[in-house]
Amino acid sequence: MFKFRIERAPAPMWTKPLIPIVAILVTFLITSILIILAKANPLQAYYHFLITPLSSTFSALEVLVKATPLILTGIAVTFAFTSGYFNIGAEGQLAAGAIAATWVGITFGNLSPIIAIPLMIIGGFVAGMAWALIPAILKVKLKVDEVVTTLLMNSIIVYFISWLLNGPWRDPISNWPQSPDIGSSAIFFRLIPKSRLHIGFIIALIVVVIVYFLIKKTPLGLRMRASGASKTGAEFAGINVSKTIFIAALVSGGIAGLAGVSEVAGIHYHLIDSISNELGYTGIIVATLGGLHPIGVAISALFIGLIDTGSQTVSRMLGVPVYLGNVVQSALLLVTLGMLLFQNYRIKRL
Amino acid sequence: MDEFIVGLIAATLRVATPLIFATLGELFCERAGVLNLGIEGTMFLGAFVGFTAASMTGSLWIGLLAAAISGILSGLLMSLLSVRLGVNQHVSGLGITLLLISLSLFSYRIIFGESKIPPSINSFDLLKIFSDNPVLGPIFSQYLLTYIAIAIIPVVWYILFRTTFGLNIRAVGENPEATDAAGINVYKLRTSALMIGGALMAIGGSFITLAQLGSFTFGIIAGRGWVCISLVIFGNWHPIKVLLGALLFGGVSALQLRLQLKGLKLPYEIFLALPYIVTIIALTIAGRNASYPAALLKPYKRE
Amino acid sequence: MLAVEMKGISKHFGLVQANQDVHFCLESGEIHALLGENGAGKTTLMRILYGLYRADEGEIFINGNKMEIHSPKDAIAAGVGMVTQHFTLVPTLTVAENIVLGYTNSLTLSQKLIEQKVQAASERFGVSVNSSALVKHLSLGERQRVEILKALYRNAKILIMDEPTAVLVPQEVDILFESLLRLVKNGLSVIFISHKLNEVMTVCDRVTVLRDGKTVGTVNKNETSREKLAKMMVGRETFLDTQRSSRKTGESVYEVKDLTASGQQVVKALDNISFTINANEILGIAGVSGNGQSELTKVLTGILKPTHGSIKLEGQEISRLSPGDLTEAGLGRTPEDRHEGTIGDLTVAENLALEDLNNYTKNNILDQKKIHEDALKKIDEFQIKASPNDRLRTLSGGNMQKVVFARALSRRPKVVIASQPTRGLDVGATEYVRKRLLEERDRGAAVILISEDLDEIMALSDRIAVLYEGCIKGIVPTSEATAEKIGLLMAGVC
């Protein structure tokens, strides 16, 4: 008989890429129970989930459209988490970016796109930073837990948008609770005709590259990684941990703000109540699945985008409620978290 | 007394009820050393399960029981991740919230379909005490669960400070190593705290469907769970002080509704956002003095 | 009769074999020392007996019965109690609550009742405590008594004490020994973990020596001597005593004046400390642990800001500078706990570069090539067994400490601050670190050596200062320092 013992030691390196794959399989296995409850065939459902969206150019591009804001919020979360700051506020910072983009888009949307679009991007980034400012100050000055404050900031901006849309910004033409459209030169142009894919996707990819470079190749990145891995160790080595965390928190907010710009200028063309639509929270899933590595985050955003698109296909084809997509995403997060710990164990044959 | 004030007090108690239940639930978890960000999702699940079970069986009490059981299961899931496996409490709690909300929405669609008119149930009746008194009458015209919420506060205090179980909970949240060395199973203890906490959170959520509204809507919890997280800090991890925070929050929300009804021209969103702003200010003031349980957020692993 | 018999115990952590086929017997009614150097496996063995660890192999018998001890609960049920080095008390609870924790059958808890019970037990066993006090307000000696009473309250017949004197001043040690001897007369059996020969010879009946995780042997006290035990413990002839020529030291470079700082539990962890140190000199700071060493290290390395007082480096005030600025000013800082002063998840090269990032930055981009090359150089110079890209956490304690030293010393600092530099290191690494400190002194640096290891202080220092309850009790040249003199200062007796 073979005898095995599980012991606490780093698992062999080859297991690392297996984790997401096994996690996906386990998640699908668990969620197939729900599909059966919805009176559908799980295999069929997962076919529509994963394959159908990729089988036509239009829906494959739609996956990229869905992935665009997720790349940005995922990167935003990654940037903050890397420095040990748990920014749960991407949801609200995205909304702040969207508000700024809407304002810039309405005000300057009739100037040349060369002026309007950069202005929107800067405005969205600054607004996202501004919305991240209070929790960041409270964290570094008073050691107030950022998780709670960023969550509260998310709730506050919901009411701010609601006030804007019911009051000063209410669209005078439709009289719906949405803002007037932004000017035509502020609209992100399409990358591919007849698809919704817009330059926001390119912006997101550029942000991935920049953030990768910042984290891995610059002194700021090293300081962030050091602060995140060990606050005491970083402090001892002479790093100003508070300053580092503060910068990371604000930049994180700015990147989340860009996601808001992308949603307004690339998709909706005006501000709506549900502009964030859990994109910020999903960013946490994306960042965790991507192992807090910028490239991994981009890949996992594409995968979550696929599940988003796929859940609509499944809903259309098999009548399974569209919320299955969210269930799969959040279950995947929990399964992955559980599995990451197995990295610390290895099986030894006695 | 002014009718306006009497109505305000009555409404305050009503709004505060779910918060009291859920905050006490969170208090249990945090006293045992686990920050349970699954609270928002657990309240949502409780609201959904309570409503569904009540509308299927026709019994509100079965609905309440079912909600409590769903909360216990949520606590078990949190325990599996954060206690047994030692996953980061922030991320696992948020993950559970996201999962439970989407799971509830999914199940709601499967069970009730996509009807234009949302299904509803006959919610709990008001329990009227002092109904003849013009002042006490309206104030004490509340749901039974509201009276229970008030009554449960001293019960929680007693459990925490005057029972062996409470002593163990307080010990494990401060120093799990010492608790383990005293021969107490840290995992089981934290798990039981999470189960009790989950049940209370879910009951809090179900109050909204079973008593307040009689129906289930998608925005039913709308960040109340996050409010409870801050109420625990605001109340300095003490059950009696938690009541004050819950009443303050409830009071502002109730005032907002009333002023709106009176046709006040102020944007009502300010009042809705006010409690969150007040909480941030309170956190700022409490900031340095907050006496966090020493082992909060730290997973326990015996070598 | 044998109270405890442990047979063939083996236990490993990752790649480290902490216990290997260890045999250990405790007679009823004896005080039995478990002797060995740091890392010999004493604590691991006892944590296995107390159910905190599970042995990989081996059997445990208590009073002749084979036991499966899965948790402290099983150990307590079998009559085993343990007083660990780091007290397992809950600071926010009262003494009585701590003592009954995990050991009460009643559902409810009456404060009055448990306080009465605990007070009664305190009188019965002759271990005095104040049952209604909050533990966070107690001194370390008082906390230890709570721990002992906690074990006795649970009907412990076998008491394990892990380095019980490490936190005590000599007077408290005497009280402890007296009560142990009294308790043993009344039927208690005691296992006494120690690495101090003197106290072992004073209080114990028999001694079992462990070395490198293995049993060396068990001897009766009457049939052995300090020298024989030392030989068993170290496995080689002791002891390096560097010749104390009265060397000439240089000019004063570092001056600490009226330094006061608050700690986590005490308001004045450091109370008006003053000393100066010259170039070419090692100033040893001795003292029983917990008398302000951690706070002093933190203040000197810039982690903790003093509430009062000044520190001058060559006349420049530096007490309020940030850690980074202190490095710039010419301090070689090493942390008390190497795990807290370094970053396990970063690589060796990154850790080495971390203190001097400006030097490794070109056009705002990290100069990876230079980081790598310098790391290779330092690895070679400091004999670190690792490659630049290894994660620091995969290194052994000794190699980690060498990384800490390489980082602190490579810029040839004017002042070197070394705090507990050899704690938990094996013999080879210890010798390397000590040799390195002497080299720094010879190079012309002023070295501050904070250590709880008196032998280390005596062997390396030119002058010795003694910390006691946050005050400097006296500074004596090593040539005039005898162990007795320093011992008295450490006990607060002037």
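Odds and ends about this structure:
As written, the chain order gives the labels A, B and C, with residue 1 at the start of each chain.
Just so we're on the same page, a residue touches a chain if its C-beta (ideal position, glycine included) is under 8 Å from a C-beta of that chain, and two chains touch if they have at least 3 such contacts.
None of the values given here were measured: they were computed from a predicted structure.
Chains joined by the most contact pairs: A-B. Set against the Cα centre of subunit A, the chain with the most distant centre is C. A separation of 46 Å divides the Cα centre of subunit A from that of subunit C. Averaged Cα coordinates give subunit A a centre that lies 28 Å from the centre of subunit B. For subunit C, residues that reach two or more other chains under the stated contact definition are 13. Chain contact summary for the complex, subunit C toward subunit A: residues 13-15, 301-303, 322-327, 333, 335, 339-346, 350-351, 353-355, 357-358, 360-361, 364-366, 368, 394, 407.
Across the interface of their complex, subunit A is touched by residues 35, 37, 77, 80-81, 85-88, 90-92, 94-96, 98-99, 101-103, 105-106, 109-110, 222-223, 226, 229-230, 233, 267, 269-270, 272-273, 276-277, 279-280, 283-284, 287-288 of subunit B. Residue ranges on subunit A touching subunit C, taken from their complex, read 7-10, 217-219, 221-223, 225-226, 229-230, 232-240.
Taken in their complex, subunit A has these residues touching subunit B: 34, 37-38, 86, 88, 134, 138, 142-145, 147-149, 151-156, 158-160, 162-163, 166-167, 278, 281-282, 284-285, 288, 321, 323-324, 326-327, 329-331, 333-334, 337-338, 340-341. Interface of subunit C with subunit B (complex): residues 13, 50, 52-53, 71-73, 75-76, 82, 84, 86-93, 97-98, 100-104, 106-110, 150.
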